[in-house]
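Starting off with a structure, shown below.
Going by the order they are written in, the chains are A, B, C and D; count residues from 1 in each one.
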């Protein structure tokens, strides 16, 4: 096993992008965003050659520099994909890492009055920016999107909102089948609110601001469901609506309906042509996924089957965490398909 | 701490009752049922005296003789209530223990084509039988019902179906707020079906018949949700309908709707007068209840509050199991109220 | 699946025995003890016939009437063994259920100044009592002992202390390899003492006396290790010595040495002849035993192998709890061997 | 909460050091090592000023670049300490980050024939290197060492081996009280070896080399205890001796004795003068530490108390992971003490 400090065969460029879509966002989060672009080995040797591009997006609470996080005895994703391309194990492609962090944890890669216009940022700013600066094959047929968890959600949903942009999707345990991945956690959040914060989210926010997030066991649940609500069910004025009653957890049907409208499982049937024209669709999840996203991926797969959309579904032995070693696999899958002439 | 073998000050009579309601039940379960009746100290000394009666019912998989189960270093419920009455800590009353076991685990104390007519059995056979044989105060005002878990469910629902029978309810963490207590478990059942039984309940039943129930970790989940469906959503011909798709866990809306129609939280508003005329309503649950029935009890409590129904709600430090030590408390509460002249 | 209330084909007699060995025991626990004796089908038909006898003993906190505890959808042990004998699936034998409960949870079936003379009671009173009243084949060759957990411990140790009494042993996950089954729990007990009781066992006892044992999550750990110490390392005046420092959990070597002297794994090599003359030795444990008694059973097995003692070892898929369905299996194994002419 | 990309007020220099001590180490790991040195705000403004230095070391499996790992919604340690110094919340000091990664997971900062001479590397190479290149106050009185977990272990042990080098110690849940932090895990490792690898470490190594470490649930336990043995109980020829029998987990007394000789709790009494001359000793741990290092820190504290060594002990609400937010606190504590004139 290798330690730190591998030199890349390709090259990672760390740049910044000033976003108009995010300027003045409701949370006051930065509108200047980091963007990393990986160019494969050989990129500089053949200045005419163009490459497929894959956009990699992160899970909830993800910040761009977390791509550098190293887990015990493992390469980072950038190191691993570089090794793969250097070995010739996949057709070379450009990988662009896009940041959609927000101070409520994330954006689900949607436009929302609760967080900001992250869908617009991704599709109308980040994609053209990469196409302009790098020698991509700048057409849908050669562009893919890849992510895990909330990033896997973004990878499923973004192409449905912008069918003109992506012809390859890789979703690792992406949020889906919301009654299965989200609802089982609501009662926990309600209990924590009741027992620790007198049923009040305001008190939670007051408390959590005084200390690092995560120092109480219930922090992440409370943080996470607020964050999703900010993405799925914020009112036009930015007011965040929770899909459950804070006092007992009873489902609030109309808000929950707004969530379900964003469930990939429910969205797919309305986008049959988009899915049928995909060149590559990858789904996977661990059989012990703590949010039951194995069930979610099966549900997505069944909707695709109903539309006769070819796709790959892998359920593997594992949970939701520490599965970054699987990203190179889906990247190779996308690179293969997106490299072919259209 | 006392060991085994306390002589009772009152007396427990173990009798049998032949039920017409249960004869020919669809599961082929016995229609002759055990019935235990506890009479308090002094019952034989004053042959004119009449007593309030509390009907005690059990949780899912409960069989009548489980009332004899002893937990480490604790009295059984019969021993504990006898001690309480012997000490004069509560007004004496008769306690009748009714069996509603079925071979799918229970009945939820309902009439169902999936299990049998257990509601009818309880209300039209067991209650009159006890009134006929024992010196009860045989009127609603002096009759209560008490249970835990599925028994707590029965204690909430039975008086709504038969407002003429019960004026006292004690519900310990009874099934309620179904999206909170049931739905979070569906994904587990789906995963177990998929990974162990190829998605087929038939294969589960085939397998589990060859070995003691509970020898695989997933047995009880699979058993339990089938059992509830047999109570809540069996078709007239006895076909059991599950409220989730077996392949991915997606909610089956119409079946789920049939479940919700049996959720106490949803039923209460339609029975305002019944609840307003109650003499005693007790709710409690552990703050760490594994099925979030603390949330359920809060939800029930809120519905009662909305109707201005006085009641007691206790959330205590504990989970769902090993809480039998709380039954004497709610029994005393019922005995107090049901002893008063109407 | 059958519910409650099977009539036995054999017969269970519930009697009492007045013990001289236990009279005046240091804990003030009862010296009159319940004793149950099961006689197999046909016992009354052939008044000359004599039977092997198996003595069944219980785990920590066990009280005799817990043999009646019913688990969901399962027969009790008495029902199950009766079914087995009725079906002719094992040679008939007498099964005697001996009580060794104490108010600190148990006795480990040893004589100790901390608890009382339970070993003496079992070997010098209960065994002769059964031999006197029932038609046993009253010789070592036809007598066995069976138990689970602390009862499995007693089943291993008692025959080493009294090689003249038992020629058959069935040990289900019996306490053994003490560094593996006991030591990992000490830190938990220390932490609970520190955080809840200021490091003082006295405060624990004061607190726990005011409420049912088990209502705090740490109760059973604290209770259990005190109880074992009362058996293994009480001073002659009854003072209980813990094998770890209460403030930090550091091993107290001399007390721990007293424990190890009672570890079956360490005792076996000194009793080679006893083991070599056994007619039947059964060991089993679940591969997920929460106290790692699968490792313990392997360690016992290896010591037996080193002495060339034939024995059966089964590691099965399961944990420490809810494994009563395995007792009939080891009983049949003992009955078979102990029925043969010596 | 701030996202990525804070500019530092001080400066982090990432350099490399070629180690003679590590050249030719038995594992073939790199002898050229990364070394990061943080210089505080103002370092460049006053070229005569000298600073105390704190050496920060990592836990098991730590690699130097993991200091860059970002957790959800939190600053990294470098960002946090920079913020602290920039705010004037602690006297400025130099912080040197030393790498002691090995391909068996770590070194415990010891010299071992199983891993290499990491103690020598740290004390005879890294410390002089930093003193030579940076304006440290290059005397024991102004030098401290800080770490967590195995790094906390190194922080406790290194000054005992080299009393001339460090006068300040900060240990966050450092490995200690080995019967408490290590032994409880041995049975798990044994079980995993038995059930997955036929009891053979060779088969584990063969298997794990074919896939990312951590993809099986038992990987980290098996990896970790081998790694510690490589540090504590390797023979002169590098053969690694495990302190438990691989087949059943029985303690191997002589190897375990070699481990105990490296337990800080056992070492402290032999280094009374070293500890009495410390200027600052910080201990802390979470009350829910998964390895019971709260107990370990209490045990260390008691040994220090027995020697009348002043020190700080904090037990906080938390576990073993995600506690990096506490490092600035102990750094401030060290900086305060080590800044004072001797």
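Here, a contact is a pair of C-beta atoms (placed from the backbone, for glycine too) under 8 Å apart; a residue touches a chain by one contact, two chains touch by 3 or more.
What you see is a predicted model, and the numbers here were worked out from it, not measured in a lab.
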Please give the intersection of the contact partners of chain A with those of chain D.
-> none
Shortest contact path, chain B to chain D, counted in steps | 2
Could you give the separation in Å between the centres of chain B and chain C, each centre being the mean of its C-alpha atoms?
-> 35
Per the C-alpha means, the centres of chain C and chain D lie apart by a whole-Å value of 45
Intercentroid distance (Cα basis), chain C paired with chain A, Å | 55
Complex contacts: residues of chain B adjacent to chain C | 1, 3-5, 29-30, 34, 61, 63-66, 68-74, 99, 101, 103, 105, 212-216, 220, 223, 317-318, 322, 325
Residue ranges of chain A touching chain B (in the complex, touch as defined) | 177, 179-180, 183-188, 190-191, 194-195, 247-251, 265, 287, 292, 294-296, 298-299, 302
